[in-house]
Amino acid sequence: MDEIEQFRRYRERMNKRILSANNLGIKRFFALDSRAYEKGVLPTKTKELLGLVASSVLRCNDCIAYHVIRCVQEEVSDEEFFEALNVALVVGGSITIPHIRRAVDLLDQCRKKQSEDQSFEI
Amino acid sequence: MDEIEQFRRYRERMNKRILSANNLGIKRFFALDSRAYEKGVLPTKTKELLGLVASSVLRCNDCIAYHVIRCVQEEVSDEEFFEALNVALVVGGSITIPHIRRAVDLLDQCRKKQSEDQSFEI
Amino acid sequence: MDEIEQFRRYRERMNKRILSANNLGIKRFFALDSRAYEKGVLPTKTKELLGLVASSVLRCNDCIAYHVIRCVQEEVSDEEFFEALNVALVVGGSITIPHIRRAVDLLDQCRKKQSEDQSFEI
Amino acid sequence: MDEIEQFRRYRERMNKRILSANNLGIKRFFALDSRAYEKGVLPTKTKELLGLVASSVLRCNDCIAYHVIRCVQEEVSDEEFFEALNVALVVGGSITIPHIRRAVDLLDQCRKKQSEDQSFEI
Amino acid sequence: MDEIEQFRRYRERMNKRILSANNLGIKRFFALDSRAYEKGVLPTKTKELLGLVASSVLRCNDCIAYHVIRCVQEEVSDEEFFEALNVALVVGGSITIPHIRRAVDLLDQCRKKQSEDQSFEI
Amino acid sequence: MDEIEQFRRYRERMNKRILSANNLGIKRFFALDSRAYEKGVLPTKTKELLGLVASSVLRCNDCIAYHVIRCVQEEVSDEEFFEALNVALVVGGSITIPHIRRAVDLLDQCRKKQSEDQSFEI
């Protein structure tokens, strides 16, 4: 099982477990989180780039993984991807470099999956 | 002198002072910083929104001030502005709220200046 | 007007302004934020101490101000207050010291207000 | 060997190694760290919840692991645990979600160990 | 009263107040904090530069103020100062720039005080 | 293959991949990053200690790994190493302890490699 698939399964399993605890605050937060990236006056693609840059400067690999996959699904091009990462790198500094390595590694894995399977989903 | 003007003058004066120190690394960093927001495959407006969200989740009031002003100049609408801030709020949590208050306060000050003077610049 | 009063007025005015923007995500987040500290299986007092320590290690003066006032209202004693700040100091390190100074300064201002006026509210 | 046991052994081995270096400052810091959670006017249980929330908003998986184990030993109930995590989630935002997944995963592993072995210790 | 003097007085007054609370953990932490910068195998000057860079990447203006003053007292030259700030800028990114402005502003104020009064102390 | 070697290969492979993307901003940032640690008025050894402490308080394991290796190459002694880590621990708090464990673990691995092979390089 590849890394992206592993991430998705752990994420899905644990989200289900957390929501089963019936803490109303946590449930509502998870709902708010999904809705923040839905199309509004800003397109989903722009919002996913916002999520990617925010996750990169805050240096959270799992959040980066999620937004890399979502950016690929929203048809962010490689050039757009690197321009967004450049903003993250300049704002967040060299401390973000290991996370930028991770983001690009996952981008390449997504592109490979895409070329093998058109309908790749999270 | 209003707050925005005060911020601009202090920023300009100190940037000049820092660059006068002739540390080559710092000079180059300042150049990279400006270039990161120039039009590429992503429009400047999108990049400024990336800068605003990154500054908000990292909770830096002066960086927020800079990007609020730049967003206003790039004709970000109020609705776009609040959608971007919502992403920052969800990603960064309630700890960002004081900075979101600041961002909105400055947005309102910019809108006021704009209505008084069309050619407002940083 | 004292510092605590100033903080409360700015906070109240800007929260009203932000909520008036009618961004549904932001409105719901503000509601979630209030509810997180309501009595559950953990008493409000414990939750406010959690909020105080979280704000201190994340080093947000306005969030600290809010939770100091709320702790005073929930009848946190000075000794409890310092034990909670000690946890924040050990976890977050000397970088939190300026914020701990701020917290104690505000605690003293609240105690003074309390001694003058029994029904002090946020 | 399970994950919790692995974490405990690495932690114990490296703490011993670090203390053997005879840096007086580091030794004293480690002592202060232990003492911060000892019963005072606040019970140990409350202090461990403070440690858990602080570790969660600062997003440190190893610190979370330590405080999850300690909370279980201090007989924090699942409901109390989720209410504390909800405060962390609201304060720290969606960037804490991967760490909340980790905390809940470890809680479940601790509960399983507990049901197999009453005297589980760190 | 100048800014540096104001910072010193507030710091001194509040430290005294905090230590008067007789929380043993906090008192010991304050002692550890002072000792960390004392001459060891590394000279105090190097340790103060470590403190300056750590404070800059963690973006704490009061901590920066303290270490700028201490660096001046330890006879850090302007060139050394800017090289250390360049490391902070590269590691921490543009989000540190407002704090670097602050550091340089305070450096200039210290140099001015020094030229007026040889024996300037914190 | 040992951990240090694994880190070096992943780092080298991904850096090459990132630079191949031809984003000018990112390329220049990587150049600035290398230059920041070159000998100036401060020796490289001092700059690497600055990098180590900055990485420790920002809690980035990969950045810590890089600077540990570089410190060993610059002939930082164990005592100097622990004094620098003590500054990081005091500034950054107990939340840095897992990263300090990691730094010391890697230091020990480097020392072992050094004793086996005099010319060890990154």
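The chains carry the letters A, B, C, D, E and F, assigned in the order they are written, with residues numbered from 1 in each.
Rule of thumb we're sticking to: a residue touches a chain if its C-beta (ideal position, glycine included) is under 8 Å from a C-beta of that chain, and two chains touch if they have at least 3 such contacts.
In this text, all values refer to a predicted model and were calculated from it rather than measured experimentally.
Contact with chain A and chain F alike is made by B, C, D, E. Taking the definition of touch as given, a chain qualifies here only if it contacts chain D and chain E alike; those chains are A, B, C, F. For chain E, the chain whose average C-alpha position is most distant is A. Rounded to a multiple of 5, the C-alpha superposition of chain A onto chain D involves a rotation of 120 degrees.
For the pair chain B and chain F, the fraction of shared interface numbers is greater than half, so the two copies use mostly the same residues to meet.
Legend: contact pairs of A-F compared by residue number with D-E, A-C or A-D; the interface matching in over half of them is A-D. Inter-chain centre distance (chain E to chain F, centres taken as mean C-alpha positions): 24 Å. Computed centre separation for the pair chain D/chain F is 28 angstrom, with centres defined by C-alpha atoms. Taking the mean of the C-alpha atoms as each chain's centre, chain C and chain F sit 38 Å apart. Touching two or more other chains at once are residues 25, 29, 32-33, 36, 54-55, 57-58, 63, 79, 83, 86, 89-92, 94-95 of chain F.
Taken as a contact graph, with one node per protein chain and an edge wherever two chains touch, the assembly is complete, since every chain touches every other chain. On the side of chain A, the complex with chain F involves touching residues 59, 78-79, 82-83, 85-86, 89-90, 94-95, 97-98, 100-101, 104-105, 108. Per the touch definition, chain A reaches chain E in the complex via residues 57, 89-96. Chain B contributes residues 10-11, 14-15, 17-18, 21, 23, 25-26, 29, 33, 54-55, 58, 60-63 to its touches with chain E in the complex.
Considering their complex, residues 32-33, 36-37, 40-42, 46-47, 49-51, 53-55, 57-58, 63, 77, 79-80, 83-84, 86-88, 90-92 of chain F touch chain E.
Taken together, the chain B residues at the contact with chain F in this complex read 24-25, 28-29, 32, 35-36.
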